[in-house]
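Read through the structures below before going on.
Same chain, two partners: chain A is paired with chain B first, then with chain C.
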Partner chain A sequence: MTRQDKITRAFKQVGTRPPRPDGIDKVTGRAMYGADMTAPGMLWGKVLRSPHAHARIRSIDTSAAEALEGVKAVVTGADFTLPEDDFYRDVAVNCMAQDAALYDGHAVAAVAAVSEAVAKAALKLIKVEYEVLPHVIDVDAAMTTGAPVVQPGRAYENVPEGMSENVTSHCEFGHGDLAAGFAKADVIVERSFRTAATHQGYIEPHACLASMGGDGRADLWCCTQGQFHVREVCAEILGMESSQLRVTASEIGGGFGGKTTVFIEPVALALSRKAGRPVKIVMKRDEVFRATGPTVHSSIDVKIGMTRDGRITAGEAHLRYSGGAFPCGTVDMGAQSAFAAYDLDAVRTFGWNAMTNRPKEAAYRAPGAPQAIYAVESVVDELCQKLGLDPLDVRILNAARKGTKSAYGPTFDEIGLLATLEAAKAHPHYTAPLGPNQGRGLSCGFWFNFGGNTCVTMNLAFDGTVTITEGNPDIGGSRASISLMAAEELGIPYDKVRTIVADTASIGHNDITDGSRVTFSVGLAAIEAARDAIAKMCARVAKIWGIDPDAVEWKDGAVHPSGPNAGKFPPMTLAEIAATSPNTGGPIAGHYEVNADGAGVSFGVHLVDVEVDPETGATKVLRYTVFQDAGKAVHPDYVEGQMQGGAVQGIGWALNEEYIYGEDGRLQNPGFLDYRVPVASDLPEIETVILEIPNPGHPYGVRGVGETPIVPPLAAISNAVSRAAGVRLTELPMSPPRILKALSAQG
Partner chain B sequence: MKTIPVSTRVNGDSVEFLCAPEETLLDALRNRLGLTGAKEGCGSGDCGACSVLVDGRLVCACLVLAAEAEGAEIATVEGMAEGERLHPLQRHFIDSAALQCGVCTPGILVAAKALLDHNPDPSDEEVRYWLAGNLCRCTGYDKIVRAVQSAAAEMRGA
Partner chain C sequence: MVKVLLWGSLRSATGGQAEVEVDATTFKELLDRLAEDYPGLRPQIERGVSLALDGVIYREAWFTPIGPDNEVVLMPYMTGG
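So, the complex of A and B:
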């Protein structure tokens, strides 16, 4: 994409709030989600899961299950040929254990039967002989030499000899002279932090319906953030050619990153292949918690030096993350984002990933960043307290801006951090009075954002309406935003454009709905596809008028003659061009394919007021305001929705969500009752302030907004609680018992 | 396994079906009657995605046995609109962007309707407490509360 230096365009439709096109389906119950699809002759699949945190699988006897009436197929690890490539092999092993169960909930076998009840009964008949092995759940414990080894031989070359075999990778980022930086500081604070693993907590459990014919061709319908990725991974695991597998994404009931991989899809395909009938698998909630992606859990040390007047002289962080029972690169993103909000002369971050007997990590909004930034922003706040400085002023003083060499390497282009901080400072929330036991906290947040492979087609119907065919599931109103951008570019009303999410056989590859990429990349591609169609329309009209294609121009949804020699013709509208297209060369379509870069990093600032009850340790969130740069808010309702939803997920993470394991290594809270996500009555209004600092990498200035909002709440709330309670909290979640403990330790 | 015959009314239509003794109303609605509007988010009464009305009472269909529907009047999200005419709650949910993924929406609409049926003018706090049994992971609830309030205002003729 070429760089857009000044985006001065006056938008007619972008920035308005029309109803979303899938709204009626979703308020009437007509929308089809993962579990809502059925097929004739369909069987029900169920998965047997390990009750042990770590065990060798000596043998699996499926004969009794196979003999049960109504059972049509049973599969185990032996039914999958393992891909060579580490990435695919890990996904395959996570979907179905091979010789060892690596965590409580790891799939070990699956059945397909005529009903759910028969499938359930069959699971009970499968005999698995386990040899229970010692397990390790905590990242620091996993890193000590002599810890039980989750998987041997998985360390990358950059891990020094002599470390625990669980340590799989190491990374390091930063620049400048740390020792010199710390020497310049008036105050240095060094703290250690811990964050629990949390789950994305989408309300829709994973679900899929697979149908494979005797010819090896298959169809798969599933709830996913990326049907193309599902196709590639499943094809790899099942030894198929990608083109023989068509994947259709259902409506998706939340993902937040957690539906960027596969769990049951290859299993359903394998069962269908064996049974010769369609197989549906729908996870139960406890399976979602036990076997699908939580975040990493972390242990982090941060050291920051500051001068008396608030300039940060050096920052250093050591991050230890565990992404569960497999190697995991999320710590790299934590190490890169930790200090992203600051303009520093000396900064260094070091990251380590260690395996533990927990489920394989899956992305959750800005994966890796919330933990790292929580630790850094907590220390910055403590320094402000120690030096009696205003925490917003200190952030403004040290803020990264255009031209800053970021802590992770690249030099920033136009970024909205400073504007966002200044908006927070000017907001009445920042100076509102606080009562007893109340505190105010704030934190910056950051995310890289992503572009990626994108392919969009725009077709003009003869009646002058337009279909956009794209390949990314609509996870929070993206059809509306993409239709808006296409309508804007074409100069036709929003309701003349319909955006549909196509299956993998109907459009070229599109990367997963992740990295906050869809409004940015798919929007960009839709605009460019519109431009392609416009060029074709211009050529058609020039031909009709018998003039040079350069002598026409596109304006307000019509082709006009332009320039001194064009002659006089009444403009031809898109509808007229479409209607006559059979006589001027056939149907008209626009296309665009790109591997988009220029996504433009995203910054946000959150302000929160809390009240801590000194008797119970309970925290109530009283007021919450989100400030974020959206580049250009295409549909502001859904931008606000991302900001509010992300903030509330962060509130849950800060205050009560966590994976709790027993001594036996089993997950103790695999349900919504004990893994409590925030409910309506826990929360105040979530106020939002959208800043628009155009992203030069997008024709309309758009930046992704979906991930950044989960980053600041952790530190913002921890800082507010620490100020309210008069004691620094360093562990998440800040559940009432933890706060009470901190209060009593302080005396 | 013995099946149980059930005759009931769903969204005003009489319906008969056979079910297993341990089968939930949610499974019967979804798998036997093809009414997939109510969703299973947890199966344990913790998320409210399966909310329906049984004889006007708001329940989690995952906690009710299908056999208990005998002789009852069931209302699901599929019955909220009258033909093309959306219920004001449905309209305001779209207009106020009170849904992102939309999977919680059927349950929340049914629950909100039950609230407004007996309390046409709730405070924000009452809306928040009433909906505390309906999880939404996408929206942070802000726009949901506003949508319920604007629908309530319209229904009161305000």
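So, the complex of A and C:
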């Protein structure tokens, strides 16, 4: 796509804060979420899950369940034809186990019945004969030779021979001479870190309603971040043609990456196919924890050298991630992100993924980056402490900027890191006094961002209002942002534009709502669709006026003669053109289809103050400020919401959230009582500072903002806690027992 | 000819070279040539790669023009949340 040379446009609507279009529906209960869909004759689906972390499935006897009155269908792995492609096959096997249960909670059978109670009773009648196998839960244990093998034969060609069969991939990034770099250092710090697996923690559990007719055509309603992806995956797993499956995305109660895949949707479709009736499945919270995507858990070693004046001379990291019981590429992103904030002559990162008997990893905002950057930023902070240097000055001194050869290869173009660091330095938060047992921490954050396949249609109604049809579920305010950009381009009020999210049969393919892509890509497509509609409106008016199309121009929501030679005509507004459109050639619509690139990388800086209670080990977050480059904040409320939400999720990740497994390999805390996410009383106000350094890859300078805010909190909070406690913390979460242990070890 | 920078773990497929030269004018040609000239790269290319061209990351755009003066970096295929 064209790079925008200079974005100097003065915006009239972009950058304002109109009320959110989904607000009233959500607060009044009118909004339709996944579990709200019903259909005549609907059955209830329930899933039987493995109680074992690892077991061979010797046999499944469903006869008693099938004989129960009210049961209309039972499915097991035998009802699914496994796709040949590894990616689709892994998704299918994760949705329904084949010959082995690979983690506690792995689906092994499912029932559709006339009521939830009957379905639940039927599950108890299914007899599964398991042969329990040894399991492995920890990534370091999984990588040792002789560890129980989760799945044999899954290693990529890049894994050296002789490693544990659980190791599925290896990656390496970086440049320069590490040995020479470390030789120049005055101080070198080496540390090992561990981060627990965490869940995305969305409030709405997974839910879907599937209805397949006898002719093989099907409809599926579900809560998802990507209805087109759901269609492709389900069609592949069920052996259908994509066009025969229409998927409609419901309103979504949070996703954060965790709803970029499927868990129950193929199961509901298979049950519906067998029963000949619609089937609804709604996960319980314990199922969400046990069987849907947590993050990877990780074990990371970092070594960094620094001169006395704060220049980083070399950086090295070894990252070991586990994405659960299947191969997982998230470590690639971690290894690329780890040192992205720094301008380094010598840097190297090494990444490994190993399978464990845990649920299959699903993405969580900037997948892989928070863990890696937590480890690197912790060591940078420790070096600053050892050398008595200001941690912000050191980051400014070493910051990546335009022309820096990034640690993952490419040379950076315009990036906003330095501006965010300088904004943090100038902010009163940075120099505010601290009390006893209090500490201040900071961290840089980074994410790649991307664009992707996008289709937008813009239709003008005869009354001059506009509907935008797009295909990405709105998980962060995209309908408002897209309407704002369209209104800006058309020159009409925001409230004359409505953006709707269409089903898969109503518009062309759109990639998943992920990668911080929607405001960037769909916004770009909406602007271009508006330009397409404007060109058509200009042509219609030129025809009415009997002049050449080149003799008219679009200005302030109306067509004008482009100059005195074009003739004297009163401007025709969009509403007037739309009203006459039946007479001038028919309805007017604008379209744009693109696989968008040029999203531009994103940087942020987080600053946090905490107080650690030395008696209990409890941490209180006192003050939190987020600085981030948004390119152009289309609707600043939503940008601030993304920044605040990332900080809050990061606070939970840093201080409390973790998957806890027993010796038996079973998850011990599959509920919000024992898996503690932050609540309002845990949090200070999260202050936000938006910087706007236009992205040259977007007509309005927009940069994705959704993922970067989850990246810095882990290190920022760990650095603050370490300074408050006087001891370096190296494991997340920093729960009170872990902090007490660190304090007592210090003596 | 275009110089392509590879990430470290791909070097085992290029005889240890961090940078290779291929005859290509587009993203698609570049991938095809890489897979032909260095068969060990084919599995990774089939799993998915991104391409950074003068710092801008492209995930799938086959017809993106590439010239000898461009900085071309092969990267793993990006996913997000």
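As a convention for this text, the second predicted complex is superposed on the first by the 745 of 747 C-alpha atoms of A that agree within 3 Å, B and C clash if a C-alpha of one lies under 4 Å from a C-alpha of the other, contacts with A are read in each partner's own complex, and residues count from 1 in each chain.
Just so we're on the same page, contacts are C-beta pairs under 8 Å (C-beta built on N, C-alpha and C of every residue); 3 or more make two chains touch, one makes a residue touch a chain.
Just so we're clear, the structure is a prediction, and the values are computed from it rather than from any experiment.
Colleague: With the two complexes overlaid on their shared chain, look at chain A and say whether chain B and chain C clash or fit.
Modeller: fit
Colleague: One more residue to check, A:300. First (chain B), second (chain C), both or neither?
Modeller: Once the two structures are laid over each other on A, A:300 reaches no partner at all.
Colleague: Between chain B (first) and chain C (second), which, if any, makes contact with A:256: first, second, both or neither?
Modeller: both
Colleague: So, does A:332 touch the first partner chain B, the second partner chain C, both, or neither?
Modeller: second
Colleague: Just chain B (first), just chain C (second), both, or neither: which does A:285 touch?
Modeller: The answer is first: A:285 touches chain B but not chain C.
Colleague: Regarding the shared-chain residue A:367, is it in contact with chain B (first), chain C (second), both, or neither?
Modeller: second
Colleague: Taking C-alpha centres, what angle do chain B and chain C open up at chain A, rounded to the nearest 10 degrees?
Modeller: 170
Colleague: Report the closest approach of chain B and chain C over their C-alpha atoms in the superposed model, as a whole number of Å.
Modeller: Taking the overlay as described at the top, chain B lies 14 Å from chain C at its nearest C-alpha.
Colleague: Which chain A residues lie in the overlap of the chain B contact set and the chain C contact set?
Modeller: Dual-contact residues (chain A): 200, 256.
Colleague: Flag every residue of chain B that touches chain A in the complex, lowest number first.
Modeller: So the residues of chain B in touch with chain A come to 1, 20, 30, 35-44, 46-47, 49, 76-78, 80-81, 86, 90, 93-97, 99-106, 109, 125, 127-129, 131-145.
Colleague: If we count contacts the way the header does, which residues on chain A are in touch with chain B in the complex?
Modeller: Residue positions touching the partner: 17, 19-20, 22-24, 26-33, 35-36, 117, 200-205, 251-256, 282, 284-285, 475-477, 637-638, 640-642, 644-649, 671-673, 677-683, 685-686.
Colleague: Any idea which chain A residues touch chain C in the complex?
Modeller: Within the complex, chain A touches chain C at residues 3, 156-158, 170-174, 200, 256-258, 260, 329, 332-333, 336, 348, 350, 363-367, 408-413, 447-452, 514-517, 595, 597-601, 697, 707.
Colleague: Which stretch or stretches of chain C touch chain A in the complex?
Modeller: These residues of chain C touch chain A: 5, 7-10, 12, 40, 43-44, 47, 52, 54-61, 64, 71, 73-81.
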